[in-house]
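So that we are looking at the same thing, I have put the structure below in structure tokens.
Order as written gives the chain letters A, B, C, D and E; numbering starts at 1 within each chain.
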Amino acid sequence: MDGYFGSYAVVGALLLIGVGIFAGAMTANRLLRPHRPTPEKLLTYECGVDPVGEGWAQSHVRYYVFAYLYVVFAVDAVFLFPWATVFAAPGFGVATLVEMFVFLGFIALGIVYAWRKNVLGWT
Amino acid sequence: MHVVYPAVVAALLFSVGVYGVLARRNAILVLMSVELMLNAVNLNLVAFDVWLRDRLHGGQVLTLFVIVIAAAEVGVGLAIVLAVFRNRRTVDVDRLRDLGEPEPVGASPGEPEPVGGGPDGRAGDAA
Amino acid sequence: MIPVLLVTVPLLAAAGLLVPAARRVVRGYGLAVSGLVLGLSIALAATFDYARPAAVQAEVDVAWTPGLDLRFHLGVDGISLPLVVLTALLTALCFVYLAGRPSRRMRALTVALLVLEAGMLGTFVALDLLLFFVFFEVVLVPMYFVIAVWGGPGRRAAAVKFILYTLLGSAVLLLGLLLIWAQTGTLDMVDLARTHGSGMSRGAQILAFVAVAGGLAVKAPMWPLHTWLPDAHTEAPTVGSVLLAGVLLKMGTYGLARVAVPVLPQGAEAVAPWLGAFAVIGIVYGSLACLAQRDLKRMIAFSSVGHMGFVLLGFATLTPVGMNAALFGNVAHGLITGLLFFLAGGVKDRYGTSDMTRLGGGMLGRLPYLGSLLTFAAVASLGLPGLAGFWGEMLALLGAFSPGAGLSRPLYLVFMAIGGLGTVLTAAYFLVMLSRVTHGRPDARWRDARLPDVTGYELAAWSPLVALTLVIGLWPKSLLLVTDPAVRVLLGVVP
Amino acid sequence: MNALLDTALRLVVITGAFLLLPLIVGQTEHKVMAHMQGRLGPMYAGRFHGWAQLLADGVKFAQKEDVIPAAADRRIFGIAPAVALVPYLVILVVVPVGPGLVGRDLDVGLFFVLAVLGVGVLGSIMAGWASANKYSLLGGMRVAAQLMAYELPLVLAASSVAMAAGTLSLPGIVEEWRWWWLPWQAIGAVVFFVAGLAELQRPPFDMPVADSEIIFGPYTEYAGLRFALFILAEYAGIVVLCALTTVLFLGGWHGPLLPGVLWTLIKIFLLAFVVIWVRVSYPRLREDQLQKLAWVGLVPLALLQLALTGVVKVLLAA
Amino acid sequence: MIQSIDYAAIAPPLILALAAGLVLLLDAFLGRPRAPGFAALGGVLLSTAAVAWLAVEGAGRATFCIPGELRGGGPASCSYVADRFTLVISAVMLGAAVVVVLLSMTELARGDVPAGEWYFLLLCAFAGAVALPASRDLVMLVVSLELVSLPVFVLAALRRYDGRAGEAALKLFLVSVVSTAVMLFGASLVYGVTGEIHLERIAAVLAGARFTDAVPAPGAGAPVAVAGVVLVLAGFAFKVAAVPFHFWAGDVYRGAPVPVAALLSVISKAAGFAGLILLFTLAFPALRGVWGPLVAVLAAATMTVGNLLALRQRHAVRLLAWSSVAQSGYILAPLASADRGAVPASVAYLALYAAMNMGAFAVVAVVARTRAGNELDDYRGLWAVSPWSAAALGFFLVCLAGLPPGLAGLFAKIVVFREVVAGGLGWLAIVMAINTVIGLYYYIAWAGRLFAAVRPGRAVPVTAPAGVAVAIALVATGVFSALPQLAISALG
């Protein structure tokens, strides 16, 4: 149970436990609960009135910009972690730090730009 | 674990991606298929890196960059798909034909069919 | 230094015309420039050391592009000198002709002709294979425009056909040249000619010869690669036809003499019988085709195929006699056919057509000067002894009688016989032409037409050709003395 | 065999903690909120201050009918609660409570935690999508937007700690921790905690489930046990968030006098108290305010923290 | 252990990247529509100056090398090398970049495209283009290649309400993304076989060297390596629009704004070729037996199909698109030969082609402003109304056809022919010869239209930046015509 695969085997075991808990709970629920579906009960709930149109109505994609910002920045952050673990190791130093500032500077530039262009506001 | 397993999984993943690219007509699904292909690449790289005990960890570094590239591609790709959808109300790559080759009147036989704009247009579908 | 001037003067003059302010100075400009170039070429001829015509003289050799081994290497010897003079002369005469009969868009035409002249002269003075090729190509674009812009009704198709054929030829030529280069490691034509293909295997030589000769044969043109020629000649304006027939075709045969035969002797030996066969087919085919033509210009064009067949036959013999014949025939054909196209142009200008049946007969009666000039040119072209056309054909047949070592004599005797038949046919179609056009009664439809006879400009343009035809015909040694030593060196007969 | 037993024991303890701690937090919330609002809260179930209230709730939920709307995407609808819940359990495997007391010390523990944390939110998005209900869909989108807005500050703040410690392993980070990291990493701590709250959709960042606007958003159509599991996930999330903040920023088991495990638990519960306190004290933000806070506030702050960490770290090394 | 960075060596891309940031800030805070354009121009020129300085200063600089203790006895293997190849390609890229920026100034004058974003993306693409030829490992190579590609997708789509632009961008995007994925998969296989990401070490391992114990015995992974190389080749074939991966070119060039089409046909293409050359000659020379014939076939097919497609075009940009596909074939051809001069020949052709093609696009961009259809027939009689434009375009076309007076094109073809002949690929030479003729036909037919004496339309107003752009291309082409040495011997 040691080493790389061992570690993740433990994680996997815990995952199975979690799924087991869920499955067990649902099984118990199945035994305990009543089951009497009626069409009204299965109707989509819209504050009590009859539902209008489809549930998957097309909605405005104003979140898209944020999604994009996130994808860009979060993925940039991928580089931070390997860097963060080694940058203070012997042999690295100010230069490494400066490089990361350059990197962060570009990220910050992106945010400043987005902010100035009012992308972050509500459109 | 022998390196063949992840390599085969990666190859299968890649093949699924290729199938998706070739068979799907919706631009977003094509994009997702490409993501599968890229993840196959990542899997390969990481598996090989571990297997080779690469001291430079070239494979892992490349993986990081592939992840970033994939993200950037998705971002740009979705933006373009959205722009196209706004203008055309469709993202079916087969129906984007405004730019197709105009059918010349009385095209002389023997010349190759203009790929990308022929009546059946299968050649353009790999896009 | 003069060869450099020969190339640069027309080019700079053409560039000068591109300045928008030059609109007013066009008249006489081309004439002046081409006159200057002609003067230069005559100066070149005058300073030429005739004691050693085989040596390259007035040499200029400057590195241009070391990456390609390309050198700006110019010079003349006995082979190129006559052609240089011929080119300068014909161009100047074209401008004389144009001075008397200005064309539309004269400025552009002047530019095109001057660039054309630079290219033609460059081809003849270049001594570097790539430089030769570059000049060979320079000719294409202006000629394309001359045909496509100032040509007859079918000009577009003719121009395209011309440029595609010749470009395909030159692409193949380039391959051959590059093959030579790859095998020998040099592009210097003097060096290459001196070593006679040492360092190249027989197979490579044959391959290179086929490519080079094939490429040049398109330009020459050799049957069956001649099909662009009748259209181009027919549709081109008079000056275009004159330069096409008078000079451009020579570039092909000159290339054979300068590159293909001396540099690739083994290849030449292997391919010569084929060359000869195509040549005699061309002779007969050209003559027969002439018989079938109704259009004067088209007939002259086809006659070129036949004449160039003789030139090619001369090369195919691989003997000094044959080569001399070829070079002689080159010059003679340039003079005579140039004159013929001038005359045909003159006829077309007056009658508005060059269709022989529409022209009817009786030109001698109606336009005595024009008619007699046409008669003279036709007779010269059919090879009447005493005129320039005779010697080329005669010597070519003579060469075929005793072909070079390694060639099958019986085969060449057959060639000779067919070629002899060709001379008869040539005589036939020219005589038919004369009988239909110059003799007989004038057609009724021209009775009221105003048909001026030869003008002063035309006379100025044509008489030098007449004179030279006579001079060379009567005194062929003048030309042969210049070419023969050079030919012997190129063939390796004399060290 | 021993190792296997050891591992099994750790898993049992983790599972137990996972089932127990959220209930404690939930009960605390009932009581704390009540007292802050000047009322008593649950008093009946289990007699003593209603301590068994949540157990009673659980029994009630288990007996309720499981309604799946006819229009819903049944399969996704069904597993969404599991997707929301299980990741929090899995995260606990790498959270150390004392020296050596950790389910498994992964060398990329921080990565693992951040990755799995994102999966949990996926449950809400799935729920919102699968319900085929406009409100749910809207809620789901809000969840997604929120996740995206706050993932970045979260990650950046966490990476600041990783920088400081020079390791991604959570026990490793705690071992490296010194008391003066508190002021040093203060900004990062605040950013991390706030961003974590937002990811959990806890008030004041609960607009995805805003019951007054969109009727509990993604969970509108849920009933019975599945709904309960979502609620459980929320409280498990609080526990996980507090545990992570403790481990990353507050020194985990470090503390005077008391045993390490106890210190860890104390810190976790103090933070949980803060979470409840915030819920009672702040009104809900509007969606655009939320985005703005993330991008204009937290992200620059996180970057600032990164810079600060880097500079100090290099100065220390020099 | 610590990396010391040679900032002088990386100055050209660095300057471009900083300029990109500056442009973004200028656009965000200054709000003057013309400022970004000039900032971009300044950045490109500054970067050009850096390249020139590096060239003058000589000694090939290298940075980001493997530290000594990690080399495993292998070479230093730097990731970024500013050698002659790098500088030459960079110079070509930057020259084209100047023209693109100048053309953009005209294009953006219409105001339907956001200027700041446009120049920012342009500069990003340029930075990638300049970093690419310096890359000597897979990571740098892939990243810079993507840096060239990604901004172009957006540039193509930046005219937001033009459905055609969006369609073009989408097609370009999908093709490019798929090709990247294919190429990366191939690269991952190569990495698996060799365990190296530095090109020169890959070559060494493929040739039998071993730097670590873990790599399996030489030759064990040969089939995998072959598969990898073929996939990489396929990926690059997409990028340079080689047949059979060419179909996107016509639509994309046609739909994108003209400056973007110019960028695609020169900078993107040059980037693709630079990557191709680097990978195949530096990393995979041991497998030449595999990819050599493939490249030859690819080259032959590319030039033939490109030419045949160009032959039937009636639209100017489309014609240029297909013709540039054909030109790709010529650039590929020398690479198929094992000769030492192959790379210099390709690079020389690339440089000459860049000058000529930029020029053609520049004039087309100018003409497109008044003749929106941009059909070939719109060019009839251009000489009569805009003699300078017509003369320039005529010159570029003749150059592209490879005829005098366009000696640049002629020499370019000669260089390629020489390599192919010297490499013993006779059949390819013949295919090229035939293609030269086909290519000539449509170029000359277009050039002929310029001087036709009919229907002179409206005159074509030339804005100052566009005029300068055309002039730059004209001067470059002219200089190359007179002194082809500059391009041919650029690599020594």
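Note that in this section a contact is a pair of C-beta atoms (placed from the backbone, for glycine too) under 8 Å apart; a residue touches a chain by one contact, two chains touch by 3 or more.
Because the structure is predicted, anything quoted here is derived from the model rather than measured.
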Touching chain A and chain E alike are B
Which chains lie in contact with each of chain A and chain D? none
If you tally contacting C-beta pairs, which pair wins, C-E or A-B? C-E
Argmin over chains of |mean CA - global mean CA| returns E
Average the CA atoms of each chain to get its centre, and name the chain whose centre is farthest from that of chain B. C
Max Cα-centre separation from chain E goes to chain D
Euclidean distance of C-alpha centroids - chain C vs chain D, Å: 94
Using CA atom averages as chain centres, what separation in Å is found between chain A and chain B? 25
With chain centres defined as C-alpha means, what is the inter-centre distance between chain B and chain D in Å? 37
Centroid spacing, where centroids are CA-atom means, of chain A and chain C in whole angstrom: 81
Multi-partner residues of chain A (each touching 2 or more other chains): 67, 71, 74, 89-90, 93
Would you mind listing the residues of chain D that make contact with two or more other chains? none
Using the touch rule from the top of the page, what pairs of chains touch, sorted by label? A-B, A-D, A-E, B-E, C-E
Flag every residue of chain A that touches chain E in the complex, lowest number first. 89-93, 95-96, 99, 105-106, 109, 112-113, 116-117
Chain E-touching residues of chain B, taken from the complex the two chains share: 3, 7, 10, 14, 17, 21, 27, 30-31, 34, 37-38, 40-41, 44-45, 47-48, 51-56, 58-59, 61-62, 65-66, 69, 72-73, 76-77, 79-81, 83-84, 87-88, 91, 93, 96, 98-102, 104, 107, 111-112, 114-117, 123-124, 126-127
Interfacial residue positions of chain E with respect to chain B in the complex: 66, 70, 72, 137-139, 142-143, 146, 150, 153-154, 157, 160-164, 166-171, 173-175, 177-178, 180-182, 184-185, 187-189, 191-192, 195-198, 212, 214-215, 246-248, 250-252, 254-255, 305, 308-309, 311-312, 314, 318
Residue ranges of chain E touching chain C (in the complex, touch as defined): 344, 348, 387, 391, 398, 403-405, 407, 410-411, 413-415, 417-418, 421-422, 429-430, 432-434, 436-437, 440-441, 444-445, 448, 451, 453, 483-485, 488-489
Chain D residues touching chain A - in the complex, by the definition given at the top: 3-4, 7, 11, 14-15, 19, 62-72, 81-82, 85-86, 89-90, 92-93, 103-106, 110-112, 129, 131-138, 141, 144-145, 148-149, 151-152, 155-156, 159-160, 162-163, 166-168, 215, 220-221, 224-225, 229, 287-288, 291-292, 295-296, 299-300, 303, 306-307, 310-311, 313-314, 316-318
